[in-house]
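Labels run A, B, C, D, E and F following the written order; every chain starts at residue 1.
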């Protein structure tokens, strides 16, 4: 079982650069003094990355890079690729490498893999909860500093879709913009006058009155913020397919299906990236 | 109410550098096209960072830096400092700045503050759960890539203590080191022969036999891994204060007090940093 | 006379970083050995940045940063702001600073200002050539490595609009994508199936048949590539306002008005950024 | 036909670093969403880089690096090396690589190649215009920020020679230095007293009186600035081979030969680097 | 004859990064204009790195990286590995590579190797001077900016041991800390209350009274600063093996043995890293 | 008493960047855990940087930057500026700052100041040894990686002059170039044919025959390598002022005056930068 992963891998040069930075953070100035004191140079070992819980995998490129940075000739064989699901106990990948490379690269490999798989796994829970509705599960800009590109990739590996990567990507008019502009109408008019032709415009609305105002303008999407499901249903009807509808605010696994059944196109959830527990993954020597 | 924060702030030059990188990640190449299209230059506004949940604060330096990067003259007044506790609805800080600076800096400010306060909050839950035992709550190297120094600071702000920052800091002999060295005794002997005089040596043991072996050597601490509380109690007695005792493995809020009551000195918990949900913080305009 | 510049300045922290890199490139390891050998420390001087040709200004933030990097207390007074037009001989800005700062910062200041004003000036020529048509003048990704954000800013200062900043911003299906996908229909269907809701889709077509095929799908824009004006006119009629129309290919100042009069929404021109001659600007001491 | 290219290639580690930065600028955080949505992973394709205009080539290392960054196994065969000339329609290089690598690397490859070949081509026009005179065509420090080393390489590939790379390289006393030093004599005396033994001294003069003053000192070169050709001829006679003569100011293709025929050694032209139109190069799939 | 080098090599990715930075510093923007003007591309040559003085080797990874950065296929054969001793005239390594790579990489290769071998050699002199005492020779944080990790590695290659790499590694209470804390006792109590369990505490004392005070607390080491050997001997007796003893201050080759014979565990010497003369190494062509 | 320092300070933005990197290297990830555990926040202190030996000062900008990075409001008053001489016991600068800033910044401040003053001091010893001869003392490219610009500045502060900063600065033909080119004549001819007009050419010769050959070409300087003083004298006569003469090889304080008295213009000495012992400087609290 596997989520869509056709969008392809992350560029390797970015992965290796991120891994080098993480290794430097983890090694510190003296390096792996435990391994260097105890483990003879040159010996080889085999190990497996194993899931200790059910989940969805994302981030194997990082794990591979962590080991290969220390041992270019390491073998890294993927058993369950990014986007694939695992049960507790499943082998995700096997590695054969210098023993020191295995020991010194382990923590960075698992830190990336555990976090990104955690994001994929939480995303997948939401995706499966809304199965057979039209709603897609979507991330936000509530990501951890320095990790946005990778977390958004993990969301895709969990079956979700991506909202804006940066403030450059699209116009999203929120309550504070409206306040600063002196009203919803003024804000939308400023935005539509200045938006580039490759830029979509989305407007956050809190109630049906605002929604009606917004729909009088040539916008692409509405963010229906913090509405109860009855209001959401009415909003979806009012929109009637003219623009994309996105629900957000206070949505968890306990109520996401109810929200999805209102007929919204997208449900955006900050916790996918800011609060996903790591997937428990470990490196077992064989 | 506040956890110990005497250890002081993070160096400002590191905070500003991290914030600049995060802002660049969030702005993208075209910048904040929504704000720039809608909000006039030069206008000022006031806002408050408000807690939407109970928790402990860490990361206000980052929030301040995010706004001041765009408006050097911004006022940033802290109501609850790092290490302090908040109830839902409490104001954490107030800002007066250019409206554009407030809008464009908001997400990076909140991403740092929410994540680090989340780490502090989860840490604090464990700390309070073991109150009046001798056990201190301790983090691990299971941190998110690029954020280790900051997450370990947040652990301190939540009342916890820090384990190794890097592989350079101390020798920690784990099962795979023992395997590679051909046994516990050989591993400890290699380590003690080569450890610098500023370096402590800790040994991971899985059972009381290993513990007895380890204690025959001049080591500083033992990591009692995945032991049930009965075994932990016997281990603590066996150690009898000669070395620091650290419990780890499978410890959550539901059983941490039970573990603490075995008399161990430290309880280390990877989830403090790899799985802490963000504290819900928001920027409310006034 | 001035082009729209409401979109505001570039973030100062990015400007100062770019200027520091350029200064290091220009200083070399020994620094400004001419000025240091000849000009006494501490003396002050006044100078003016003067246009030696007619044009449009962009990049004054960089010039200011170049001088202030060496003398924080320098006065930099703008006479004609970014987005404004100048005649030959006009003063653009006046500076009062340490004489050494003026001499050492001059070349970097003028290199940024001359290039970006050159981009703005060429853009403005096209913008004025299509005045009172519906066509807007648009840049491309044919920018000079490392300068894209700044060149696209200069295009805006010249009255133009921006196309994609990066490959992330929008889907633009070109001939080679179509070839690789096995046909236009397949390519568009793959794209619409996978595009995020903030992402627009534009399709490049070479003839009216392709255009009709493209218009059967839910796309946002068509890039009418290398069509003669008669074909462009028919394409505009065929589109009939349903999607944005963009003309490109072989368009220069000599024929841009003719293209604009076909009714297209956008005319995109690579030379705005890859071939704009620098505006001649100089630093005159007073 | 080919200009001198014996000076060899640019160091590969600098080329790959510049290309990585440019790719990151072009990819944006989400990567090439068009290619990733449409083009299957793993497929291979062939393409040719073709000249669409007459010119001289510089920058093939960058093009090769752009494709190989995505596909290490790509074949990149050069048909016309750096320093060689092309007619419109000529194939410059052929590439066989993963289809995705070809599509995603194309723009960065062509941006470098087009710009640097543009510099080489403009240089070559000047070089050919002064053929069989003693004058060499020389660049300046009027380069685009971040690209100086590469643009100066392109000047060489076009048959030109390089002036100072940085302010560290040589002493060049200009009018503002003279003003700040209180006169030409004082300026030259300060300079000769402090110049290192590896450093040459060049003095800018505006008229023959200044030239005579300058020639009384042990200098290496004179920059004859903005002189008409009659004055230049007299200056060359006055110098009589004692120092290098360099003409600059207001020199274009229309008058460069006339300047060269005055007998000057060098003609320096800022537009070679700040105003060279890109050479039109394209990637054609086969 | 060779010092212990079991601690293994430096991570290659750090070595290559440091070498790339050093090469860029040495090449300058125009590159190796001497070699490029004189030496034909493509020719190969052989050379040997030869010691011109007696000493101990450290830093061969850097030398290898300097040549391989320019010629990936270069052969680099080590005759005397890091940690080994050489007489004047001994060959340390032989290289076969492109002639240009040999010439252009030489200075950076030798600058690293000469400096690090100089540190190893000076260290080794001290190590041999205290042979058969219990004292180990130890470095300090008095290192050259940017080179600490590498210099501390060189100390190990010379047979020495490392003190703190950074301020993070251990607590070392010095006179100014004591002054700021209001006394030795207060300082130690603050430190022991806040030190993490992986952190050792060392206290600097100037006399036996301070030593007695310090020994009343649970500390790990004492730094016996600027004591004469009589006092040192009494201090060692007073400590009686309870904590590590470290002597520092005014210790040179002329008196180090006398210090060692007092029975101290460690002798720390700033000059190992801040004042080691380079080992004379040269590249001889064959 | 003070050496020439008219060439001015190093650019502050480069100094602050180097200091930030050095501070990060020294702080490590946990920061100054000693100071943070012991010294209360907010308290202020005064201290003096004091010379513990006779010498010449260079590097005060770095010391100032180290303290001001932690406390922007620190007072840093220079008593003996760069280029000035000190006796043991002299105060070099006084600082009033937050006590924590003083303690945490101390080591980086002193590491820069001690090393650069060490270079200045060694240089000054040579400079004074050749007083009243025509010889100037000159450094080489044998510098410590990452510190070249700063070490060459220190050479100037000690009264010396600088040779090439990089391989780009001048052509210096050495024995291996000659070997690769097939002879001295061929090497010089290649060089003179390709050297830019701002580039000087120096040729290394080992004997008077080579010198005579070299002098037949239009070169700027000769490097008289490893000649005894009798040969040097003859070489100086043979040159007879036509080119700059530089002696190198095997020159120390014991024989430098004898070399200088041969009449050479320059004496270049690698040990100025690769083997200068640090000047002993300390921070004394008041």
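Annotations
Throughout what follows, contacts are C-beta pairs under 8 Å (C-beta built on N, C-alpha and C of every residue); 3 or more make two chains touch, one makes a residue touch a chain.
If you're wondering where the values come from, they're calculated on a predicted model, not measured in any experiment.
Chains that touch both chain A and chain C are the following: B, D, E, F.
The chain with its CA mean position farthest from that of chain A is F.
Interface chain C/chain F: under half of the residue numbers present appear on both copies, so the contact uses mostly different residues. Checking B-D, A-F or D-F against A-C, more than half of the residue-numbered contact pairs recur only at D-F. Between the chain pairs B-F and C-E, more C-beta pairs are in contact across B-F.
Chain B and chain C have Cα centroids lying 44 Å from one another. Computed centre separation for the pair chain C/chain D is 22 angstrom, with centres defined by C-alpha atoms. Under the contact definition stated at the top, the residues of chain F that touch 2 or more other chains are 6-7, 25, 27-31, 33, 36-37, 40, 148, 162, 165-166, 168-170, 194, 196, 199. Taken as a graph of touching chains, this assembly is complete, with every chain in contact with every other.
Per the touch definition, chain A reaches chain E in the complex via residues 20, 23-24, 27-31, 33, 36-37, 40-41, 69-70, 100.
Across the complex, chain C meets chain A through its residues 6-7, 138, 161-165, 168-170, 194, 196-200, 202, 220-221, 244, 246, 265-266. Touching chain A in their complex are the following residues of chain B: 18, 21-22, 25-40, 43, 45, 47, 99, 102-104, 106-108, 110-112, 114-115, 118, 141-148, 165-169, 171-177, 179-181, 187, 190-191, 193-196, 199, 270-271, 274-278, 283, 285.
Taken together, the chain E residues at the contact with chain C in this complex read 25, 28-29. By the touch criterion stated above, chain A contacts chain D in their complex at residues 6-8, 10-14, 17, 148-149, 152, 162, 165-166.
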